[in-house]
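The structure appears right after this line, and notes come after that.
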Amino acid sequence: GCGARAGDDTAGAGSSAAAGCVDTSGDTVKLGFLNSLTGGMAISEKTVSNVLHMAADEINAGGGILGKKIKYVQEDGATDWPTFAEKTEKLLTQDCVAAIFGGWTSSSRKAVKPVVEKLNGLFFYPVQYEGLESSPNIYYTGATTNQQIIPAMDFLASKGVKTLFLAGSDYVFPRTANAIIKLYAAKLGIKIVGEEYVPLDKDDWTSQVAKIAAAKPDFIFNTINGSSNVGFIKAYYDAGLTPAQTPIISVSIAEEEAPAMGHEVTGNYASWNYFQSLKTPTNPKFIQSWKAYPNSSGVTSDPMEAAYISLYLYKALVEAAGSFDVNAVNAAAKKNTITFDAPEGKVTLDGENHHISKPGHIGRINADNQFDIVWASDKFIEPDPYLEGYDWFPADIRKQLTDAAG
Amino acid sequence: MTGASLVVTDLRVEFSGFVAVGGVSFDAHPGEVRFLIGPNGAGKTTCIDAVTGLTKATGSARLGETELLGKQVHKIVRLGIGRTFQTASVFDELTVLQNLDIAAGLHRRSVSLLRARRGIDPSIERALEETGLTGELTTPAGVLSHGQKQWLEIAMLLVQDAKVLLLDEPVAGMSQDERTATGELLQRIAARRIVLVVEHDMDFMRRFATRVTVLHQGRVLSQGTVAEVQADPQVQEVYLGTADAITEG
Amino acid sequence: MTKKPWISLGGIGVFAVLLLAVAPLVLTDHWLNNLGKYCCWAIAAVGIGLAWGRGGMLVMGQGVFFALGAYSMAMHLTLETAGDRIPGFMVLYDPLAPLPVFWEPFRSAGFTLLAIVLLPVIVAGALGYALFKRRVKGAYFAILSQALAVALAVLISSTIRETGGDTGLSDFKYFFGFVLNDPANRQMVYLIAAGLLIVCLLAVWQFYRSRFGELLIATRDAEERVRFLGYDPANVKLVAFVVSALMASIGGALFVPIVGIITPAEIGAAASILMIAGVALGGRASLFGPALGAIAVGWGQSSLGSTWPDGWTYILGLLFIVVILFLPNGLSSLPARFTGRARRTPVEQPTPAIAAAELEEVRS
Amino acid sequence: MDALIPQLLNGSAQGALLLLAALGLSLTFGQMGVINMAHGEFLMIGAFSAYLVQQVIVASDLSIPVALPVAFVVAGLFGLLLEVTIIRWMYRRPLDTLLVTVGVGLILQQAALQIFPSQGVPVEKPRWLDGQLTILGYDWPLRQLFTILLAAVCVAALSAWLKYTSFGRRIRATVHNRDLAETTGISTRTIDRLTFFVGSGLAGVAGVAASLIGGTNSQMGAQYIIPAFLVVAAGGIGQLKGTILAAWAVGVALAFFAYWTTGSLAQVLAFILVIVFLQLRPQGLFTVRTRSLA
Amino acid sequence: MLELTDIKAGYGRTQVLHGVTVPSADVVAVLGHNGAGKSTLLRLAIGLIKPSKGRVVFDGEDITSLAPNQRVARGMAYVPQGQQSFGQLTTLENLQLAADGRRRRKALIDAQLARFPALEQFATRKAGLLSGGQRQQLAIARALITEPKLLILDEPTEGIQPTIVAEIEQTIMELAAAGMNVLLVEQHIGFALEAAERYVVLASGHVTQTGEGGKAATSTVRAAMAI
């Protein structure tokens, strides 16, 4: 038999096909955790996965969500985007979970998105990303561009940087982030003197760094992800570059990565919302719990913290809605009253775009591989994924993107 | 039905400076069992390699009006030249029948390859009888003995309907009786085809050769009937050894 | 090869009933969809069985042809979804540039279907012709084909605006006019995939029982010898290679609507090797082995990969080792082993080492 | 022009690393015919050995020189283990070794992921490799010079071993015809084990060099394996000088492509280059011709 | 010197030798038709295949479970059927392989090069490029170089030109006279019987006749082969 044809009514955004098999009648609620535990991205995602477990344990110890204990189903995305899609569908239709948490790369998120939208599920994504996206079925607890990239650029401008070199991994986040950086740099009067990409799974940056050395930029903007950073940093020092003359500002090197570079990286910068060194009321407890948690890496970092937030944000949403129902949760979000006392400070959910407010921070790496905060935004930055508040971002692109998103 | 003759003129093969065959001429006609003999390294196998396209050569090798040199191996085969190798090579995993069927296949249209085999080709049955392999029809060729493999190779040439059979030491490793059987088989075959045999077994040669060409260091040393060649003192010196060193049975 | 061809034919019939009639009745939508995905891999595996099992060409880069079908289909579905707009991901990197020219023809459904069939035939034809005529074989061929798959995967990853890069193409709404979200349509796509798998099995069944099948084995075992029987082994191999490429392409094309996303990871080294894994597991030279093996590996990945992700990697690794080491002819050779019906085959070759033969090249 | 000279060195250093990765393969693959897809994981084992040595000998100035022989032995022992348990049964079907060792590689990768911190471990470069040497007005990174030197030493040692001892001869004889080798008095088992030990050990050395360039983690081996095989194939199987030349050519090509285009495209172009080359010369740069009808 | 007792052996499932016993003698000739199992017997003697039943005793020692190279170390040498050489190695390297680890290596090699002028001429050529007969000469030279106590020859003169065949046959006789033991498979029954102290006729893997060499008439031997 044949189903609906193009133009039929059901062609609209997945509403009817909703899973609807979530069962919260008992004293537990099933949640799905989805990260790459094998394959190349396991290098980064295992920690995120682990901190989700910690948050679940904490919440269960505190009585659960709406009085129901979390029972999680762990799935492996295996660094394979179609697998992320398959597992999302499995979690929603076979395991009937109320929401899914996890992912790391933007590619994995883009694989999950159509599935949660089709099945009207919920996905909580914890990593800084390139923005220009929002979905009724996704909550973003990492930074969008105006909370990480733009503050970094503002910081560079404030330091009088005139020339900038862009180095990134070859995939959607660095490519898009750099497209935005180039637009904003033009506005700020910073000259982009070069742009280089290396595949995510390649470590050797020597040729590219040679080009950087030749271009002699004031600063390097680093959007490399994963272990490729190690190769980049090593090539950087091999080429005789130093933080004194050509410092790096990174958006993916955090407390966890800094000591794994095989070279001290003191004096370089990173732009994040959360640092372990932040002095907030809730941070010490977070650090302490994490250090005590089994298999912990001993340091806290921004993606972990965002993952930690995501589970608590969900708890807040469900409790505000009084229900695990997706539509009820989204309705509760719409009220713009959801907040959480996160280790980075008190974050507020934007019910329209499903992102949260975040403080902007620039840290400089010290000898202990911790970050000295050298710049902070004067207040929490409201999320603006489509950069609507920034006149240098071309309106026609924004329109095309929102149109394409449907 | 006498077919065309194989005429080789001034054949030369050189391997990076080393002249393996340096201007060899001979011919072979249907109805005769032609022998090519000579010391080790004289260039016999190389001659066959050249004629069958395995080795690049200059000069000429014609089958009737058709020049063979410079053609690709499989095209030469399709012109009716078949050969065996100094070490037998058959398709070990396939049965005797399948081996023969493939050999018979070169005259089929290529589309027909996509159909399954039904029954056994009459030409295959005949070849099986000639070589005494009828009983081994479904035996994988890999488990045949050395001599049986050599017969299978000859049978493959028969079904291939080769006009020219180039046999490189076909009776090596066979017992006396088997040699006799093979020689008789070759004589029968030769009635309608050109048979060229490379052999070191002089007894075998004496019994079955019609004419003999002797190569030495890449050149023709002597040519003629068995008796003529045997009487040639040069041939005795470089090849046969004094008189008839090995005339045992 | 098969003595009683109708037994195999009956087997295909049973298989068809299971896939086309039983599976849709007993499986949930999710698992039916997964089975559809395994069928796509199985289609590619059937082709690998032909090229590798029968033809001796270890095709380690079937991802290339899988990609041709998959990306042809994905481009069409992306355009169908985008309508007259430029696909969203392209806007990001270069908002003003038009649709890349090679995308244009994929607006047409007819062209797309033609491309899925013709692209692999042309590419495999040209590639195979170049390689086989030059007598590239054995390990060289395996490594070269794998390198091609890697190169293509990296190329796609690095052309993010033109191909979607590492993120791939996804979010398709329609499939030749049918709404993909509709469960009825998804079942239809499944049935197409399962049906094509049956068709491929039938095709290979005919290949195996034909004279061509025997010739292919002969070419595998003694390529140079075949030449002296008047065949050009390059052509024999070419046919098998092209057919296997075509099957990979068909598998890839159906993978897209079923899975809903295609990325370079599905065509690169690891994916290409995983396709081989199923074939090796099932039995490279048997009729059903490759398809069943591929389905088994796919299922293992979905289910064991879920319950025990770390363990699954170990299991997969061990599977490779144990099967190849102890069951070179795959699981499908097990029944014969137990019943002792195994054919008489030479266990050890008395003639010069095969090890050298496979690596050693003959030049004339 | 001024920018090209440094790329030449840079390319040579990349080539040297590739050569180190390929050197062991030119033994196990080139000489023995075993297609060891776990070679990349042996490289990884070498890198992790360097890390472990650094846990004991904290001063990186000393630890790397110590790590080189240690990595050689550790990776070599893993190779030996592989040979004794699996490869020895497979010499008569070399293509199948490819699949078996894929399985071994998977297991080793997963084990590394679980044993070591998932984000990888740091391997510190010795202080004496920091910075650059100025020769002819150009700055030559010491680390690159070191990689080239290390590769040169390994090549010299290996070729001396093959040339001045009878091992080279015996290895080739064993590969060509095992039975004949046995009956000529060669203990093929000893030859197999020794060759595999040395070949795998060389991967370990390559791993130490790689750990000075990129990350030391469970995935690191994967990026070297295909290029290394291509290098061996392009050089002509069993031809050491071919391997050297091919590695250098690919390294330099990578560097220049990366300089002219992008890092990703350079990978593609270098691959295509080798593939096209192999199409033109299917037996690689240097070839051995025989008359056998294989 | 070499004694094979009640040997059963074969390849995989196919049994080729069904209880073959070969007595110890200075020169033993094994005769038989194609496929009778002669080569199999020699492969077993040198250790390339292991018997499923039976014993191999050499020089008083049970060597049934020894690998071929260990047997070579004990003084056996083997020339296989079919002109086998290490094709990728030069002629000289082929000889060096056999001489490796022995004293007076150079002299041993030179002695064989002197015996076979063709090898001397093509010493630096890859063995794979030699002609069939040249390769066979090389195989014999490789075996002789080790100065074995027992020489195992599988149709050693196959493919070799008559003059050299005569020489080789003479060499074998001389070496045997000088005390070397020989296990010989040969289709030239006349020569085989002349050289042999004892002979064994194999047919379909069974011994159908044994006797003393020299005395036996070729006709009775041929009759035994046909069974």
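Should a chain be cited, it is by its letter among A, B, C, D and E, assigned in written order, with residues numbered from 1 in that chain.
One rule holds for everything that comes next: a residue touches a chain if its C-beta (ideal position, glycine included) is under 8 Å from a C-beta of that chain, and two chains touch if they have at least 3 such contacts.
Every value quoted in this text rests on a predicted model; they were computed, and no experiment measured them.
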item	value
Partner chains shared by subunit A and subunit C (touch criterion as defined above)	D
Centroid comparison with subunit B (C-alpha atoms), farthest chain	A
Which of C-D and B-E has more C-beta pairs touching across its chains	C-D
Gap in Å, rounded to a whole number, between the CA centres of subunit D and subunit B	48
Whole-Å gap separating subunit B and subunit E, where each centre is the average of the chain's CA atoms	28
Interchain centroid distance [CA atoms averaged], subunit A/subunit E, Å	75
Chain centre separation (subunit A, subunit D; CA means) in Å	37
Residue numbers of subunit B (touch at least two other chains)	49, 87, 89, 143
Junction residues of subunit D - those touching two or more other chains	110, 113, 176-177, 179-180, 222, 262, 264, 267, 288-293
Contacts with two or more other chains, residues of subunit C listed in rising order	154, 157-158, 222, 225, 310, 313, 344-346, 348-349, 351-352, 356, 360
Touch list for subunit C against partner subunit D, complex	58, 60, 130-131, 134-136, 138-140, 142-144, 146-148, 150-151, 154-155, 157-158, 222, 224-225, 269, 273, 276-277, 280, 310, 313-314, 316-321, 324-325, 328, 348-349, 352-363
Touching residues (chain side subunit D, partner subunit A) in the complex	3, 6-7, 10-11, 13-14, 17, 110, 113, 117-125, 130-132, 139, 141-144, 210-220, 222-223, 254-255, 258-259, 262-264, 266-267
Subunit B residues within the subunit C interface of the complex	49, 52-56, 72-74, 77-78, 82-83, 87, 89-94, 98-99, 101-103, 105-106, 108, 112-117, 139-140, 142-143, 156, 160
Of all residues in subunit A, those that touch subunit D in their complex	38-40, 42-44, 46-47, 170, 196-199, 201-208, 210-211, 214, 227-231, 234-235, 237-240, 256-257, 259-263, 297
Footprint of subunit B on subunit C - complex, ascending	5, 206-207, 209-212, 214-215, 217-218, 221-222, 225-232, 343-346, 349, 351, 364
